Amino acid sequence: MEYILAHADYLLPHPDGVTPLLTFIIFLPLLGALATLVIPKTELRLMKAVAVFCTVVTFLLSLVALSNFDGSTHKMQLAEYHSWIPSIGVAYFLGVDGLSILLVLLTTLLSILVVVCSFNAIHGMQKAYYSCLLFLETGMLGVFLALDFFLFYIFWEIMLVPMYFLIGIWGHGRKLYSAIKFFLYTLFGSVFMLLGILALYSFNSTGDYGTGELTFNIIELINNVRVPTEPIFVGLSSQDLIFLALFLGFAIKVPMFPFHTWLPDAHTDAPTAGSVVLAGVLLKMGTYGFVRFSLPLLPTASHNMVGFMATLAIIGILYGALVAMAQRDMKRLIAYSSVSHMGFLMLGIFALNPEGVTGGVIQMINHGISTGALFLLVGIIYERRYTREIAAFSGLATTVPIFAVFFAITMFSSIGLPGLNGFVGEFLILVGMFKTNVAYATLAVLGIILGAAYMLWLYQRTMFGEATTPENQTMKDMNFREIGYMLPLVILMFWIGLYPRPYLNLMRPTVDHYVTQMQERHAAERYDPQRATRQASHDDEADADVPAEDR
Amino acid sequence: MAIPAPPLSEVLALWPEILLSVAACAMLVIDLLTSRDRKADIGWVCLGVVVLALVGTLLHPPQAGSIFSGMFLADGYAAFFKVLFLIAAALTVLISLRYLDDEGIQRGEYYALLLFATVGMMFMAGGGDFISIYLGLELMSLSTYVLVGFIRRDDASTEGAVKYFLMGAFTSGILLYGLALLYGLTGSTNLAAVAQGLSGLSLDNPALVLATILVVVGFGFKIAAVPFHMWAPDTYEGAPTSITAFMSSAVKAAAMAGLARVFIVALFPSAEIWEVLWWILAALSMILGNVVAIAQTSLKRMLAYSSISHAGYALIGVVAATQAREVGLAGALFYMFVYLFATMGTFSMLILLTHRGFRSDKIADFAGLGRSAPLAAFIYIIFFLSLAGIPPTAGFVGKLVVFRAAIESGYVVLAVIGVATSAIAAYYYFMVIKTMFMEEAVVQPQLSPSRPLAVGLGIMVVATVLLGLFPAVVLNAVTESVKLLQ
Amino acid sequence: MPLSWYLVFGALLFMIGVVGVLTRRNVIIVLMSIELMLNAVNVTLISFSHYLQDLRGQIFTLFIIAVAASEAAIGLALVISMYRGKSTFNLDEVNVLKW
Amino acid sequence: MKVLVWLIPILPAVAVLLNGLLGRRVLRDKAHYLGVGSVGLALLCALIVILRVIVDPQHPIEAKLYPWIFAGSFSVDMGLMVDSLSAVMLFVVCGVGFLVHVYSVGYMHGDPSYPRFFTYLNLFMTSMLVLVLADNYLLMFVGWEGVGLCSYLLIGFWYERRSASDAGKKAFIVNRIGDAGFILAMALIFWTTGSLAYHDVFAAAGDHKITTGIATAITLLLFIGAMGKSAQIPLYVWLPDAMEGPTPVSALIHAATMVTAGVYMVVRSQALYLLAPVSMDVVAGVGAFTALFAASIALVQTDIKRVLAYSTVSQLGYMFLGCGVGAFTSGLFHVMTHAFFKGLLFLGAGSVIHAMHEEQDMRRMGGLRRHIRGTYDTMLLATIAIAGIPPFAGFWSKDEILASAIKGGHVLWWVLGLCAAFMTSFYMFRLIFMTFRGEERFDPEQVHPHESPPSMLQPLRILAVLSVIGGVIVGIPPENGLFHKFVAHAFHHHGEHAAHTFHFWPDVPLMLLSTVIALGGLYLAYLFYIQDPERPKRLAEKFAFAYETLLNKYYIDEFYDAYIVRPVKWSTGALWSVDARVVDGVVNGFGAFTRLYANWSGIVDRWVVDGAVNGVGAVIQSGSRAFRLIQTGVVQNYLLVMALGLFVFATIYLIVI
Amino acid sequence: MVFFFLLFAIVGLASAVMVVTRKNVMHAALFLLLTFACVGATYVMLRAEVLAAVQVLVYAGAVMVLFLFAILLVNMPEAVRLRQWTRQSTVAVVLAGLTGLWLIIATVRAFTGFAAPPEAATQPLGTPRAIGEALFSDYVLPFEIASLILLAAMVGAIVLARETAREEERPDEALTDLPPDTQEDQQPV
């Protein structure tokens, strides 16, 4: 506790100082997972009850966290600090700020919906299934709440195993291939991210670039590490190299253009719950990583890389949209659409101004809601017809009107119709990007048009026209349970669309703080050759220890 | 004039070694008295002695500095490795009690030789002089040659032993030649004296270069680093699984201890020469070890290749030690400690599946294990996670510490190779997990769980997870022990 | 008598031992060649000890001889158990464990 | 008063919710009470608000609710504003909207998804009202896309018909292209003036904070948005297809309100346009050219609704011409008058189709004057109005535009305008004569046309009255009549650009000229369709080529399809194969085991795709198999490798030293 | 001095070559004996008398006897006609030769200046007293380890080579019909 009091400048003291609320939030699902493992195989109902109970309680806890979250400061709140491995500077350090509070809420909400939606979708080894889901939730929450690189990396990797099993065992189609492909892509990325983290860690431990003492504490690193920016390797400075290492880890997760090939396979072959969680939350970790780590820690590199990242993002937007049009399978189409949306999101983040980044962050929530809802809906159809081929459906609007309405609303939210949540994020991103580079913004706007095209085409081919085949005519409409877990998402869509104020208020101080800090740091440490040579000559006359303020 | 007997304090400092040697002899005697079917009791006695020694060393590790006129250095470093060897020996005994009955080789000599090997290792780790290190090495090797060939009626075991013996003898010849040259150059065999002698020599003295290479080859064989690794897969596959577990963990750790002692203390002045050699060996081991493991059908051979790659990861620590001494060595030591539990665990799981008449080591034999024995499969996952270096387990912390050392000392390329190959490693570990969980059982794997094996497995699983979550204690111990190394 | 002559003698002996190990199929001959190699090391050590006026070399050789003897013992025991199993002495027929 | 302003859009929204949720089961055929009722109430509130604005035009009513979106320096509030400009639009939207609602009660009677129709219609009303009443560009954009959505839903109302859903999709996508331009404009506006609220933007424009270059860019982008919404030349293709929707929809959306949104936006951003003369010319040019182009197509169309659709496009061209030459207010005036008579024409056409049992082709009509007298009378009045024959409404607004065109020195556009006017009166009277005059070209026993019920006729009569007297009351004297003075208030505080000081008399020759042209068109139509019905056929044969191109709408649709839609579809297919083969191949690992997992989905395809797909994986697999075979099992080979290792190391070092 | 050294060196090397090349194992064993003797002689010249004695006793005596026992015990065919050289022999010879060359060059270049001090030939170095004293004062630990090694070797040799009269500790016959998994492993993959 003394650590928190000692570092009041970036940590808000815990309201009642005692209850480790964040630890409860993270580890309650883990308890649930272990509990389900203990329940005998035959007690299906009890198992489902435990799973739902855990997720609901976790959601309530996150609401409690929201209630005593003070939206006015950028400081970390509800912080918990216990030193863990002092010799290498690792601490069990949790905290939440404007950026992560919303993502935590999104995760807990989606987890409830995911558990409820897979009641009669999953038939084999249900015990292992629910424990995997709950285990996954712990991993996700941990990533968003960890403020220590070591802890962050542990939660980042913990998620891989349950997701591998979710796709591998309960998936369909080429599930084995997709499972191992997902696992290896993410692992390969995260392993290089580890290198980046270690590089930062070692830069911080050498006196002249950072505090000199060993620590994995993210906030400490953000405030103190000054990675040198002189080019050392084929024109790239060490800061750029570290940026590329972290980029590899996050870009594969986002996924950005060249690394996206795992997404369609994983989404298509995962069970409904898997795809919802995958699209709803797992993709956000990549972008969360960029905003939380790459921008503040490596400001100059982020500035140098804007061109590179924006081009990749735009390719992602246009490529994702175009390929989505050519899809025959619904889930694969939605998967490619989220490649396009995530490209949009990255564009927002790399606009490197408050508007763009806020747009990016709010878009994370929106994409989680709309794509999560889309996958849930496809799951509903899949439960009835066991096929996702678009050609197999037509004229559903007459047979299942309620479903058609839900599908329409979700679709319009995902293509960013004003009045719904998608628009808020998309517009802010475009405004933000417009300031940084007009050409990129104009290209991105094309993405909106293509987005409308493939989505409407999908809607038309499945919903409109005559209900020709008997199955299409006799399909049952959504039952109460399904409406139950779709309604919260639709309500959120309208809420964020019409009255996004509470959400924007939550993230405003944090985003502004990060962006302004980044811009100041970039201005201070930007490497310009003349200054460097002057600096060098300056060094020769004076002795070596010139005050290294502008190094 | 009477030759002064070594002071009592020095002798007492060696109490673990003495205890184990006496116990080994005692066991040979007991072996005479026990009847055929009660041979297992000898195992329990051996276990008791080892545990006693372990507890004793943990409570007050012998810190007597350099004793027996420099022949033995009873410092933190030796104490740390003593603990490691005793843990490995205890676990090996635990897992082999029931296994020996299954294989029909339940004989007292097995435990005696095991103790002899452990004593040999302790001398290797603690040796302060080429002679004592070499003798420790030979004691360990000889006992291990016999243990490998213990299942006399099974040709594979004999063949493995013969191969191991021939390679071992040949390499000890090479190592000796190197040590001889070093003696010629520096005029002494004591590590500190050699280091002092070498600092006077110029680095391009051909004999020094050749001596270093010979010593590198000697130790390279012992830790099965590529290209001196070719014996490992055959010997690991042929040897009885409990001995394979012992070899892949304890013997390799001992070799690493001797290697670190020789190179970091004695040959430190000529670091430029052997730094590149070990760099190449580490890189090759990581790459080849992991790549060839993919194509293996037998699990034992696959684990052999994986242990070769883990030797590579530990070597990164040694290479890093040339620049950042404490961090590098601590990384290597910690990695060996952490890796011990994971590799022993995987081999003891193999023992779990061998029972009378069915010796499973084909990966296909594990199909459907996920459904038939979920707990065993779950334990397997934990061990594989640790071997692959995925967070919640100890393997991750090991890899983290080693990679940190590499980056801190500037060997970024080595770290990148390490990182990439550990991704490949994750692939073939997960192919096994895939067979276990996602394929139908072709032959129904029956388990032969025995209480000691269960206890052993329990310890290893708990250790892997605990070390993953709370490695602080061991990390501090390691950094302390490395600091004292002059 | 310059030291290097003895060293050359030792080196040649070593090389003959290595050739013996690598080329001969009969395991007994291989064992003998290994003894040769160890002898070569002893010669080198003793010549160093002579020129350095220092006993360490000789003591080391003493221990090496002891080890060589025990090694020979174990080696022959292995050979016998190999012979009993495979009834052959040729090392290239002993390759059940491969790939 | 603020509550009242907010009430206007919320009332239809409430109706949308209720109809949507309860419509299918509870209300079924009583949905219209809710639908029409809510719009009626909204009309009442609107009238009160309009009166308040008329009384004191200087101070627009501001009704800010809450800060909507804000990030960094960007912040936009959810606020409504009613000044004289939006009052006019409010009147048009609510007025015509209410009448269309009443009309559609009769028209849609008996349709199975009756409540759904009213839900969509009310949703449209809400969005349109939000668009008109918004006090900043972003909220207007919300309404803008909202109406785009409703037009998609309403055009594709009878979604069983593939052509309807295609038309709906086409409308939405084309709108979306326009909206893309709008978004970029908004971004540019924000970064130059720091806010999106009209008040701040126009204040900044007023004191010349915006350079002409940026102003041109903004205005052009805004105009792209307007083109998409108001169906100007490149982006008009969706409007003719939108006729697939029910007729009241066409009347409300594709005649009176939605399509005029573009004009409203241009008029609203008058201050910006005045800063950019280049874009003024562009607007005028596009407007004039569209007017002529669309009118020429309308000449030969046979489907009654298509003719009206093209006529709407042409009239919109007029409005933009008006704005382009600086006569924003007269453009707006034309919007109002056009709303009345075009709304009436569409509704009339609706009752004609209703009478002819869904028959839309004019060639199979004729002589309906005797059967549906009421519809005929009202449509005749509207036709006279649209043709621009004084003293009807159409004349005043159209003449003002033409007058200010010639006065502003844009002779070319004036000439185009006149030709378009001539064609307009020709095709309108052609429509009237073909449907109502001449002999009956339908066989009586199947089709016996009957007059529509009063609920449909009443709105027609009201609209007829408005289109007759609408122009005169507020239009005289031209350029500074009641209407002009009222609307001018909306722009006074930006330093009104005194474009044209008008005086009545010198314009008389212009007025006479346009009247003559209108009558000429009437007479020509009379010659062709009353006097000698064969004449059009002979003319058609003589100018066969011209006739064909006009009939096929200059093959624009085919052109778009060939050069835009099809290549996009082709590229998606190509990209998908690239994605599956190249990108996956280079990046992906572990190919070998995929061959083992070829599953039900086409083994060859899967094998081919994945065989190539995992290049890197295959390399590693084969590498690992090769190295595995080195392990021969013979111990001496191992010893040799070891010796080789030793030798290699030795040589490296000894050579190096 | 030089003459004696050259004599023993050449004879030693020649017999070593013979050991490696003879087809008949007995001849090889005898030549090995001769090599040991020559090496012992060189020890004497290097003032390592005790070592010479130990060499002759241990190597020539014990180790050779072991080899002879082994050869006789398993009645190795005398002059066996089948191929005595491994396939890789040519490569091995070349490789070993080159490495040997490197060794010689390195040692010669490194230790050229080491002429023996003139009076050194006289002082006794390897006297039994000196060795005994060193062995039990400084090197007492290695001595103990060596004793352990010998013990372990003895135990190991017995365990491996003992003729198990009783076959009982071969478990029930189930083992013999081991599933032929080892054969299956042999087909080339």
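Odds and ends about this structure:
Residue numbering begins at 1 within each chain, and the chains themselves are lettered A, B, C, D and E in the order written.
Just so we're on the same page, a residue touches a chain if its C-beta (ideal position, glycine included) is under 8 Å from a C-beta of that chain, and two chains touch if they have at least 3 such contacts.
Only a predicted model underlies this, so the values are computations on that prediction, with no experimental measurement involved.
Steps from chain A to chain C, taking the shortest chain of touch contacts, total 2.
The minimum number of touch steps separating chain A from chain E is 2. If you tally contacting C-beta pairs for each pair of chains, C-E comes out on top.
Chain closest to the overall centre, judged by the mean of its C-alpha atoms against the mean of all protein C-alpha atoms: A.
For the pair chain C and chain D, the distance between mean C-alpha positions equals 96 Å.
For this pair, chain B with chain E, the centres built from the Cα atoms lie 28 Å apart. Centre-to-centre, using mean CA coordinates, chain A is 42 Å away from chain B.
The geometric centre of chain B is 77 Å away from that of chain D, both derived from CA atoms.
Residues of chain C in contact with two or more other chains: 7, 14, 17-18, 21-22, 25, 31, 59, 63, 67, 70-71, 74, 77-79, 81, 91-92, 94-99. Multi-chain contact residues of chain B, defined as those touching 2 or more other chains: 131, 135, 138, 142, 145-146, 149, 152-153, 156, 162-163, 166, 170, 181, 184, 206, 209-210, 233-234, 295, 427, 431. In chain D, the residues touching two or more other chains are 589-590, 593, 625, 628-629, 631, 633-637, 639-640, 643-644, 646, 650, 654. This structure has the following touching chain pairs: A-B, A-D, B-C, B-D, B-E, C-D, C-E, D-E. Residues of chain B touching chain E in their complex: 3-4, 6, 14, 21, 25, 28, 36, 68-72, 104-107, 109, 112-113, 116, 119-120, 123, 129, 131-132, 135-136, 138-139, 142-143, 145-146, 149-150, 152-153, 156, 181, 184-185, 205-210, 295, 297-298, 356-359, 362. Of all residues in chain D, only 625, 628-629, 634, 636-637, 640, 643-644, 646-647, 650-651, 654 touch chain E in the complex they form. Against chain A, in their complex, chain B makes its touches with residues 371, 374, 381, 385, 390-392, 396, 400-401, 403-404, 407-408, 412, 415-416, 419-420, 422-423, 426-427, 430-431, 434, 437-438, 470-472, 475-476, 479.
Residues 130-131, 134-135, 138, 142, 145-146, 149, 152-153, 155-156, 158-163, 165-166, 169-170, 172-173, 176-177, 179-181, 183-184, 187-189, 233-234, 237-238 of chain B are the ones touching chain C in the complex. Interface of chain E with chain D (complex): residues 86, 88, 91-92, 95-96, 98-99, 102, 105-106, 188-189.
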